[in-house]
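Shared between the two complexes below is chain A, which pairs with chain B and chain C, respectively.
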Partner chain A sequence: MPGAIDVLEQLVNGLTVGMVYVLLAAGLSVIFGVMDVINFSHGELFALGAYFALSIISPLGGAGFWVALVLAPLLVGVIGMAIERTTIRPLYGRDPLYHILLTFGLVLIIQDLIVLGWGRQQQQLTVPEYLTQPLDLFGVQLSIYSYFMIVVGGLLAVGTWLLLNRTKYGMIVRAGSQDRQMVRNVGIDIDKYYTVVFGFGAALAAVAGIILGGYQNVNPTMGGDAIIPAFIIVVLGGLGSFRGAVYGGLLVGVVQTLLRTYVEPLEGLIVFLLMIGVLLVKPQGLFGQETGGHAEEEGDLFVGTGGGVLSQATRVKLGAVTVGLLALAPPVILTVTGNSFYVSLLNEILIWAIFALSLDFVMGYAGLVSLGHTLFYGVGAYASALVMLHLTSSFLVAILGAILVCAVIAWIVGTLSIRVSGVYFAMITLGFAELFYELVVKFEFTGGSDGLLGFDAVFGLAGLGVPLADIEATLFGMEFGAETAFFYVALALAVLSLLFARRFMNAPFGSVLQSIAESEERTKFIGYDVTTYKRRAFVISGAMAGLAGALLAIDPNTFVISRGQTLHWIHSGEVIVMTILGGMGTLFGPMLGAGVFLGLEELILGYTEQWRMVLGVIFVLFVIFVPRGLVSVPTVIQSRLRGPDEGEPGVTAGDDAEVSADD
Partner chain B sequence: MTETVLRTVDLTKRFGEMTAVDHVDLDVEDGEFRSVIGPNGAGKTTTFNLITGALRPSEGTVEFRGEDITSLPPHERVRRGLGRSFQITNVFSGLTVHENVRLAAQALYAEDLSGVDAMFRDTAEFADINDHTAEILERIGLADRAGERADTLAYGDQRRLEIGLVLAYDPALVMLDEPTAGMSSEDSWATIDLIEDVLADKSLMLIEHDIDLVMEVSDRITVLTRGQELATGTPEEIMADESVREAYLGGVRE
Partner chain C sequence: MDSGTSRRKFIALTGAVGLTGLAGCGGGDGDTTTTEADTQTDQPADTDTPADTETPGGTTTTAAATDLGSVTVGILNPMTGSYSSLGPGQRDGAKLAVKQINASDEFNLEIDPVYEDTGTTAGTAQQAANRVVQQNGAQFVFGAISSSVALSLNEFAKSEELIYFPGGAAVPITGSACNEWVFRFETNTAQVAEAISAYTVNNLGTNVWFHIADYAYGDSVYKRTKSRMQAANSDFTEAGKTASQLGSSNFGSYISQISNSDADAVILGMTGGDLINFTSQAVDAGLKDQVNIVGPTMSFQVVRGALGSKAEGTYGGVRYNASIDLGDNNQFVQAFQDEHGGRPDNFERVGYDSVRLMARGMMKAGSTDPADAKEALAGGTFTTVLGDITLRGCDHQATNPTWMAEMVPGDGKMTKVETLSKTPGDEALPPCSDVGCNLG
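After this line comes the complex of A and B, so read on.
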């Protein structure tokens, strides 16, 4: 039985961390409430605050902390305003999905900028000495700094509350989060307020970064580590609810700290379980408002290409030629380069192509934005590796096992998640993926944080077959190794998956998925059980992502399956990037996107360490200017060539001008 | 004796403190053209949503052809023959006219399809669905525009398509939510003509604010104010009703 003093001490510790969460979540929540923007880069602005403080303090010493506490948030606030003006503004009126994508691109950029500016190593933020003194309060011995954090956080939270509730400005912002159109109707230009709200949220995040930096340390991953719990809190408390962000932040801070001390196995899991549980019981969050039955304002989702310039027959031909060229690639690569490096790269591309295709299946066709799709990729990889380790080395059995396990998990996750829609669906899937990310380290059989090692695939079934690693053949004087053998298997599976998906979308079931993406409500009212259709699509998609994961484990270049490489949320982000980059709702587009993404990564890596930043910039530009992805490029070029009077598709906010080749 | 196709008993919906629909009893007879009118905030749209299943009532029941459908989800109501059209034209704008109607027609057959057929057989190969689609396209006069994308149609043709979607699953009662909203008087009449023409053999329930139009076409009219039923009767009876004049007609006309 822990002593009362201990519990009290942990409670105070929980509150200090909770305050950081409150400041982070409050900004996120208000930004979402007012402008429907899900700001993934919020964590990076938080980190940026800490880094600016670092630079301000280093010439000034301890007293510089106070200067930094004022100056750094102001700087970050200005940066936030600039970000809103230049990148987020063009996207208003589109589906919130595009904000997720855009701000994901910003994450990549800011992360690399931080590494460029301050390096990768962990750094210490100097705090005035008198703040680090221990303080004995009711028998609890903690440094003054802990109480300082609680006071600063509390003051800012109260201040923000007063601002929102006691000023005319705050009234408008709050009214805007209730009903934007109504605020416009009474003659207030709510859009002008967006920039300031975004900047204010960024400044709050920066304060949070600084005070946490002083408590722990400053490092480049602090933004990525903080953003997921912050999101969970926002969803838990109710999107757009300031009160929810405050209570949610303190609750999560305290619960996390207490569990870490007393119920260690549950640490890390509980936040996600809490969020999933709350969303299932009260889909609008603890303090969220019921919308009175009105459908949410839906933005435009750019799906498909609406015909495009290329005819169906041309596309089929192009596809066949692409597959033909790919089939010839290994001998050419081996002859020209003399090694299999680029074959391995192609293998990686094929795996991700299948993964991206699986996401397009639900995101592009059923309108289900799964932010946790890497869950199935990861579980597929783990399942496949476990089959090979404990059951049989046959790659076929490993693949089937992975597909089966993923289908079952997708059915469960889908059944629970599809009850909520839109942003909540995105968040609950993210929650499930994070849950698995935390779970795999809790068990022995998954290899803990080291991951799984020592499995080898055999190309064959029931004891017959060739170990993949032993495959070596000499044909026409060229050496074909395991990479090449795997390449043909992966290519065949990728082509099969694409054909399967195409077949499916042309059949009655798939046609209903497309109508759901067009208008879910209308689909309901022509007599379809939308939930069942979505769930089935989700299961198929999960199984397909499982196939991609299984292939990752079989890939001869994979020696270890770890959670960072498969289950980390960044991979969910990457696969969404690929899907949009290629053009969602087209099946082949996302596969192309996977190729371009990984190809670019390889190319940029040849010139600079900061490939993520370059990729982030390309991606941001794509989301703003070519939201329909690479597959729409011919159409975009065509309409540009035809003259300015045709309109520029996707460039202006809320402009859903369709590009059609036949008018 | 005519049968009752739709009946609501004590239908009530509260949003927090506010009661949007307050113990409303409606009876729509088979073949009837019923209109529901009322000033803004009278609870018309909420009533509509309660009947179609977009909202669940706080109290009371909805019966359709003698069956209690209060707790059924929207698609189950549609399957039983309770169709609805949308206030703002809500067709699948990115799909072709043919595909729009085909999807609605497919819904009629969806439960009879085998799993493999539904998942993998090309939609072009289902003869009965495609025949049904062709027939509907003919009836709404869009057969020659079947290959065009729905969003390239003129507004009036989109309206036709919208009605076609309702028609395709052969409903017994069609709920129409302000089908003429935002239209010129001329377009409004054209739409009403279309409805009377294509949906002549159906029972209809029209939510509308245009009094002249309602008086012209309805068999019976229900007037709602502040969530409550004020009066129900033939257009003549409604015109003559003092309380209606006071509560609604007077307010609008002056």
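After this line comes the complex of A and C, so read on.
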């Protein structure tokens, strides 16, 4: 039995990290509460605080720490305000998805800027020596710095509470969080307050970054590592509730630390289970408000291109020509470059194209924004690798296995997730994906933290066939290898998937999904079982993403399947970027988006290592100015050429945001 | 609606028929094709005809004095991720070797190096490895520091049939996951364990706590040091074992557990950023005064540099130190200082001599074909900065010597490494039967 003093010491440890979480989550929660903006880049602002502190402290030495503690948050606050003014403000009124996307683009940009400015290596923040001495209080032995973290966090939390509850500004902010329209009606221009609120939230995050940086270290991935716990806490505590953020932060900090100490296997899992549980039982969070929340509101999702520029017949011909060109690509590549590197790149593009297509199924048609779609991609990859390792090397069986497993998991996850909608749906899917991310390293059969190795696909079935890696043919002086063989299989599967999806969407099923996206209530009134339709779409989508994952495992260039490349949340973000870039709701748009994204990455890598930043900028511009994606570009150009008299083609899913707020 | 239901029935029927058809094709999938051993054996484009009259100045070549031409070597280092502080040193060492080899008369070949970032995850490493092989045609690969990454590259080397020199230290790399294409000049955890275990359990305490990072290297450290301690002292007891995720930054709860136990010493199975963070937090919390902290890689320059005076009084294994007077280390240290300014440390020497060994293998075989070089390297003895080492025939691991050391106050902010004992090469490495590899 652990002694009482031991438990007390672990409690203090938990409070230490909990306080950091409080500061991090408080800003995020208040920003959402007032502005309905899910700020994915909050983690990066946290990191920026630490990095600015690093730069301030280096020339000043020990006393610089205190200077940095005041100055760096101010700087980050200013940056936060600038971000709000220039990028987020143009997006007010749009579906929360676009805020998520925009701030995700900002993550890419800021992360690369940090690497550009400070380098990739982990660095230590110099903290005054008198703060890092051990202190023994009643048998609890910890560094003074731990107590310092608790004190600073506590002071700031109390200060923020006083600001929110005892000042006029705080009252306006709280009112805006409850009912924005009413505040406007009373005559207060709430928009002006948004900027300050965003800046304040950013500054709080920066303080968290500095004090945590002093405890641990400062590295470019600290922002990415912090954002997921921040989201968990905000969900647990309640989106928009400052009190919720405080209690949620402390709770998560303490629970995580105690679990890590006493029930080690459950570490990392419990918080996600809690998050999912809260979302299912009380989505507003433990301290959230029952009424007046904005989280289930949905705005306009820019899907499809409406009429578009081209006729149906032209489009079919264009599609056939594209497939034909792609089929000719390998011989051309091999002749021109002499090696199969670009064929491998095309393989990667085809895999992601199928993945993006699967996302379009749920996002572009049913309007379900899934932030955890990489779950199915990853499970598909792991499932096929496991089939190839333990059952049979036949690639057909591996693919089937992946699709089946993913369909089952999608059924379970879908059934649970579709009970909530809007932001909550996004969060719960993220929760499931993170749960699997944590689960997969805890078991031997999934390879633990080393991943799965040693699987090889065979092109064939039941003993008849040839191992993929051994395929080699020399035709017309060109050496065709495994990559080329895989290319044709992947191309065939991609075309089949597209045709399959198209068939589905042209059938009544697709129309029902679209009507659900436009107005769920009306669809219910007509007599459709909305839940079943949503679930079916989710299952098909999950199975297709599983196909993409299976192809990843079969790809001759893949020799390891690990969670970092298949289950990390950043891949969920990347596939959403591809989908939006190409054009949601068009099926082939996301596939095009995948090609453009990966192609650009390869191109930009040739010039600079900071390709994410460039892509982030492009993406942010797209979200603001071309939200319908690349496939809408011909339409946009056409309407510009025709002149402003012609009406703008295009379909928007969902009613006006203001109207649905009154539902 | 009628057509809808019958269409659905049709689709369902097709699906059922299809599945039953495929159901019979489950198992029994043996390999029926004979594997062609040579996929793409790219001969270097410019192999000069033996009109050369240059005789090699070195002592290792036995083949004819033909210019072997140019060979592409992929050098993959973790420049991002939790080992990003260790990667650049590894790359610098390799770069120096490339420079020396290309300029030297002793070597009749030209190395065309390609550099890529492995990150610290297998996925990133995979892309990097594919790139150097496919786009650049590399047939020799060196790199990685994370043992998990190295294990996946082992796999890659086997399927691509190229020679790979890993920079990871877990035993399975030349142990249970060994293959004939992998040769390791880095010192493995068993060799270091041999140096530190007996000293720790006999001098620093018999009740030992183990804290590892939960991946291949950490597991290897735990397994090896525990078994050597058990063998060295019958009073050895395990006070406890904890594991953190690779890349963790917050070790508070583990440190509290250790300080609340009655352990005399703690062995840290982690390196790079993890080791720095843990030790820094542990010293702040006062753990160093209660428990002897032993880290098999505590002596790394990067670690000592980041910890400063906090490392004083900790203990560590030593795989390499610039002050060693063995083999041709002195010229290496001098050349490295001239080239890069600072003194070289472990990862620099691994990069340096791994590349040199590749070149030596090719010279000995008289060919840049990996299959030939492989035969020449296996079982061969070569002069390195650690003295004369043998790449053992049964597992291709270099028989490096290892040391136990204490970090003592140095002149500047960084601690100095004071060696306490040395374990010679032939004693440090356990027999092949013990590591689970038998390559003949």
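One rule holds in what follows: the second predicted complex is superposed on the first by the 635 of 663 C-alpha atoms of A that agree within 3 Å, B and C clash if a C-alpha of one lies under 4 Å from a C-alpha of the other, contacts with A are read in each partner's own complex, and residues count from 1 in each chain.
The rule is simple: a contact is a pair of C-beta atoms (placed from the backbone, for glycine too) under 8 Å apart; a residue touches a chain by one contact, two chains touch by 3 or more.
Since this is a predicted model, take the numbers as computed values, not measurements.
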| item | value |
| --- | --- |
| Which superposed partner A:Tyr528 touches (first chain B, second chain C, both, neither) | first |
| Contacts of A:Glu518 with chain B and chain C, given as first, second, both or neither | first |
| Touching partner for A:Gly159 - first (chain B), second (chain C), both, neither | neither |
| Which superposed partner A:Pro508 touches (first chain B, second chain C, both, neither) | both |
| Which of chain B and chain C A:Gly277 touches, first, second, both or neither | neither |
| First (chain B), second (chain C), both or neither touched by A:Gly61 | neither |
| Partner, of chain C and chain B, that touches more residues belonging to chain A | C |
| Which of chain B and chain C A:Gly599 touches, first, second, both or neither | neither |
| Where chain A meets both chain C and chain B, residue numbers | 508 |
| Residues of chain B defined as touching chain A within the complex | 15-16, 46, 49, 52, 54-55, 73-76, 78-79, 83-84, 86, 90-95, 99, 102-104, 106-108, 110, 113, 117-123, 126, 129, 149, 151-152, 165, 168-169 |
| Residues of chain A that touch chain B when the two form their complex | 290, 292-293, 303-304, 306, 503-504, 506-512, 514-515, 518-519, 521-530, 658, 660, 663 |
| Residues on chain A engaged by chain C in the complex (per definition of touch) | 3, 5-6, 9-10, 13-14, 16-17, 120-122, 124, 132-134, 136, 141-143, 145-146, 215-217, 219-222, 225, 257, 260-261, 264, 268, 339-341, 344, 391-394, 396-397, 400, 441, 448-451, 453-454, 456, 458, 460-467, 469-470, 472, 479, 481, 483, 508, 557-560, 562, 564-566 |
| Interfacial residue positions of chain C with respect to chain A in the complex | 4, 22, 24-33, 35-36, 39-40, 79-82, 84-85, 88, 121-124, 126, 130-131, 134-135, 137, 148, 151-152, 155-156, 159, 214-216, 242-243, 245-246, 249-250, 252-254, 256-257, 259-260, 273, 276-277, 280-281, 284-286, 289, 306 |
